[in-house]
Every structure is written in C-alpha cells, then in structure tokens.
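Each of the two complexes below includes chain A, the first together with chain B, the second together with chain C.
Presenting the complex of A and B:
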C-alpha cells in the first residue's frame, strides 16, 4: 500500500480570490510582512500498487476529475506506508 | 411536433436544486418535463433518446466538492457521455443553468471551440473575483448569437435575471485566451453578457464574478448547447420579479423557456 499526495493549486497568473482574502485578513491582524497567499488543495489517497504504476494512476485521476487544466497545476508525491 | 409531445429530461443528482422551478416552467408551457436521475440513465431505466431536450439545473451537485460541477460531470463522463454526444449531434437542445453550465464546461461540450466535444475542459468557471457567494439580481445584455431559440429576444435587449453562485468567473487559460475569445466572437457563441442598467459592459459589481469579456452565457458553434450562470427559471413568473409590487411585470425567464419550446415544436 502506498499513500499518494496530490496537491492541486492555481497556475501562475490565475487570480486566487481565496488567497487574496486570507492575505487581507492576515495583514489586518498585523502580519504586515505577508506579501502573498495562495491556497492549494491536498488529496491524500491510500492505494494498492507499486510507486510507478500508482503515480500514473494518480495522473489519470487528475486528468479525469481533480484538475481543470485551464486553471490548475498539480504535484504528485508518493509515500510508502 | 406538438407541445404536449415534447419530453424534457430535467437531470438530477444529489445536490441539484431549482429543478422544481424548471419543471413547473416547462409544465406551464405545455410540455412534458420529467425528473431524470443520472443513475436511471446509467442503469438503462430511462433513455436519453426518448427526450427532445436535456435541462441540467443549478445547485451544488455532489456537494460542489473538488470543483463546482466536477463530480456531476465525472459521473456522466463515466456512464452516458457517448449517448449525450449523440443527443447533441442530433441537434437536440442541451441547456445548463448555473451548476449545469459548470457541468457542461467540465464535460467539454462547452465552449466547443473547433470541436463538438473536447476531452479536456477548454474553459473554466473559477471562483468569483469577490471571493463571495453572489446571490442577487443582475443585468445581462442579449448579444447577437447563434442560438435559434433565443431569437425571440431582440439583440441588444437588457434583461434582469437572478444569479446565485460562488464559481462563475468564465476564463480561458492565459495562452489561449485571445485566440479562443476571438473564435467565440467570430462564431457568435457569446449569448449573454453582464452589463449595468444602461447597457455598458462594466466591472464588478455589474460583472458579478469577474468573467472574461463579461460573459454570462454561451453556446456551442451549432447553437444547440447553451449554458448560462443566471437562473431563468427563477425569473419565469412575474411574481418572482422583485419589481412585482411596483407593477414591473417582466418575465424574462419565460421568454427564454418559451423560445426553447417553440424551437423544438418547429424543428422536430
């Protein structure tokens, strides 16, 4: 069994309204050094298989459901458990 | 085809809403609407071919998890997408309102640039620029477009419709933005654009989600797949209009629905 971590975030140049709202709130709480906040989604998926085949499967998951390639980019990390 | 022979599938899945308003709208216009759950189609209990039109209503399908519309779209992709493609190729109408629009984008049937069905989404309905759930009435202008069934609304006419969404910012990827937008304009695919009450294309709050080119509703190149963020079914009866007590008897939603029904009567 391996654990796949898929991190989905906005591509460069795509506005991230949630990140902007969080940045504003942090600045209002006097965290004045905060210059930029981006929000990503982390999916942790436990799955049977070896690392290489699982990575391919995770890419397919991104293509079919987890990612809209117009606005998102993703990163896949595989961990043995 | 007679009005009372027209069968309209109002698609459902967990989290759909506004299907009752849509059902009533079609019923009042004399057609035969039916609630159809996606599972009924995937199990073969009902067949898409029996209907002349598919209406995908608004709501929060699948809890809006992952992205709005993504779960609904993936359920359809895995089961009935080929049937749906045939349905569209036959020239039948597929309408997506709000969440339904998000589903059609995720499925790749809209905007349908240089193809009738793209494997990956060509556009996205991203979170509103205000980072809020925008729930209010807005103005849209009817643009010159290729939807036959919108012909009963004059080009340039400004209509008020309600919106209720958190993810409605229509955008393309940066690298394709110019090319795709020009393609859509050239092919008359942009049906509705957000405006201020005077008809000027303004930014937020008139453009409630920050959509590219103030886009509120689009169709495919053939004009038989149509998606829009505002809810025409919530502006169907004069009693739903906020100006009702001021004797503003506008029924913009009814015009849109009536156009669809008249189109089917003529075409089939």
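Presenting the complex of A and C:
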C-alpha cells in the first residue's frame, strides 16, 4: 500500500479568491500583520501497488480529474505505508 | 517574515464527502486500486513578525476562523522566509 499526497494550488498570477477573502477576514479580526494567504487542496490517496508505477498513475489522476491545467499547478509526493 | 502552513482536515470518524466522491470518480475512471481518499485544506499565510509569537497567533486564527472544532483537526508548521 502506498500513500500519495497531491497538493493542488493556483498558478502564479492566477487570483485566489478564497485566499483573498480569508486575508480580509483575518485583517478584520485584528490580525493586521497577515500579508498574504493562499489556499490549496491536499489529496491523500491510498493506493494498492508499489511506489514505482504509482507516481505516473497519480499524474494521470491529476490530468483526468483533480487539476484544471489552465489555473492549477500540482505537486506529488509518494510514501510507503 | 514568516510563512505559516496550516493543514485542516477531518477528524477520525467524521465522513469526508468530497473524499468519498473523488474515490468513486477515480474508481469509475478505472483507477481500481484506489482504496481511500481524504481531502484537506492547506493554508499558507505570510505573517510579518518573528517565529516565536507566530505559532500562538496561528492557533488563534484556527480557533476564530479557519477550523470547526467539532469536525476538523489541524496541524501548524512555521518556517522563516
């Protein structure tokens, strides 16, 4: 069994509406030293199989379902469990 | 300047509807060896100040805005940038 962690975040230059809203809210709550907030998604996927083939498979999952390549970038980490 | 990473995920035993939906979709896309999917949020917050006080401040942000303590757990990492 292998655990794959996929972090999907906005590309540089793409506006992150949720991050902006949270920054505003934090500032309103008197966290005035908050300068920037970004929000990403972290998918943790347990896959049966060995780690060699899994990274390629995870890339395929990103391309087919998890990532919109116009606005998102992603990072994949594989760990044995 | 300090970067705080806050990972907010569901507590053990709380149903993760988005994770379940993604698992189903991946299985339908013929990724049959996917056994479990969980989805978490990763907040990356840039804060002006030094790292000693920042962890406590980040906990306060979680309590006041980012986390619902009934269903969520969180993890905070601080790194200097």
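Please note the rule applied: the second predicted complex is superposed on the first by the 81 of 81 C-alpha atoms of A that agree within 3 Å, B and C clash if a C-alpha of one lies under 4 Å from a C-alpha of the other, contacts with A are read in each partner's own complex, and residues count from 1 in each chain.
Methods note: a residue touches a chain if its C-beta (ideal position, glycine included) is under 8 Å from a C-beta of that chain, and two chains touch if they have at least 3 such contacts.
Computed from a prediction, not measured in an experiment: that's the story for all the values here.
Asker: For A:78, decide between first (touching chain B), second (touching chain C), both and neither.
Answerer: neither
Asker: Of the partners chain B and chain C, which touch A:38 in the superposed model: first, second, both, neither?
Answerer: Only chain C; A:38 stays clear of chain B.
Asker: On the A-aligned overlay, A:13 touches which partner chain: chain B = first, chain C = second, or both, or neither?
Answerer: The first partner, chain B, only.
Asker: Given the touch rule stated above, what does A:21 touch, chain B (first), chain C (second), both, or neither?
Answerer: The answer is first: A:21 touches chain B but not chain C.
Asker: Tell me which partner A:46 touches in the superposition: chain B (first), chain C (second), both or neither.
Answerer: second
Asker: Looking at the overlay, does A:64 come into contact with chain B only (first), chain C only (second), both, or neither?
Answerer: both
Asker: Using the touch criterion from the header, give the chain among chain B and chain C with more contacted residues in chain A.
Answerer: C
Asker: Share the list of chain A residues that count as touching for chain B in one structure and for chain C in the other.
Answerer: On chain A, the residues that contact chain B in one structure and chain C in the other are 64-66.
Asker: Within the complex, which stretch of chain A touches chain B?
Answerer: Chain A reaches chain B through residues 11, 13-15, 17-18, 20-21, 63-66, 68-71.
Asker: Which part of chain C faces chain A closely enough to touch in the complex?
Answerer: The contact residues of chain C facing chain A are 1, 7, 9, 19, 22, 25-26, 29, 31, 33-49, 57, 60-61, 64-66.
Asker: Under the definition above, what is the set of chain B residues touching chain A in their complex?
Answerer: Result: residues 66-67, 70-71, 74, 77, 106, 120-124, 126-131, 169, 171-174, 210 of chain B touch chain A.
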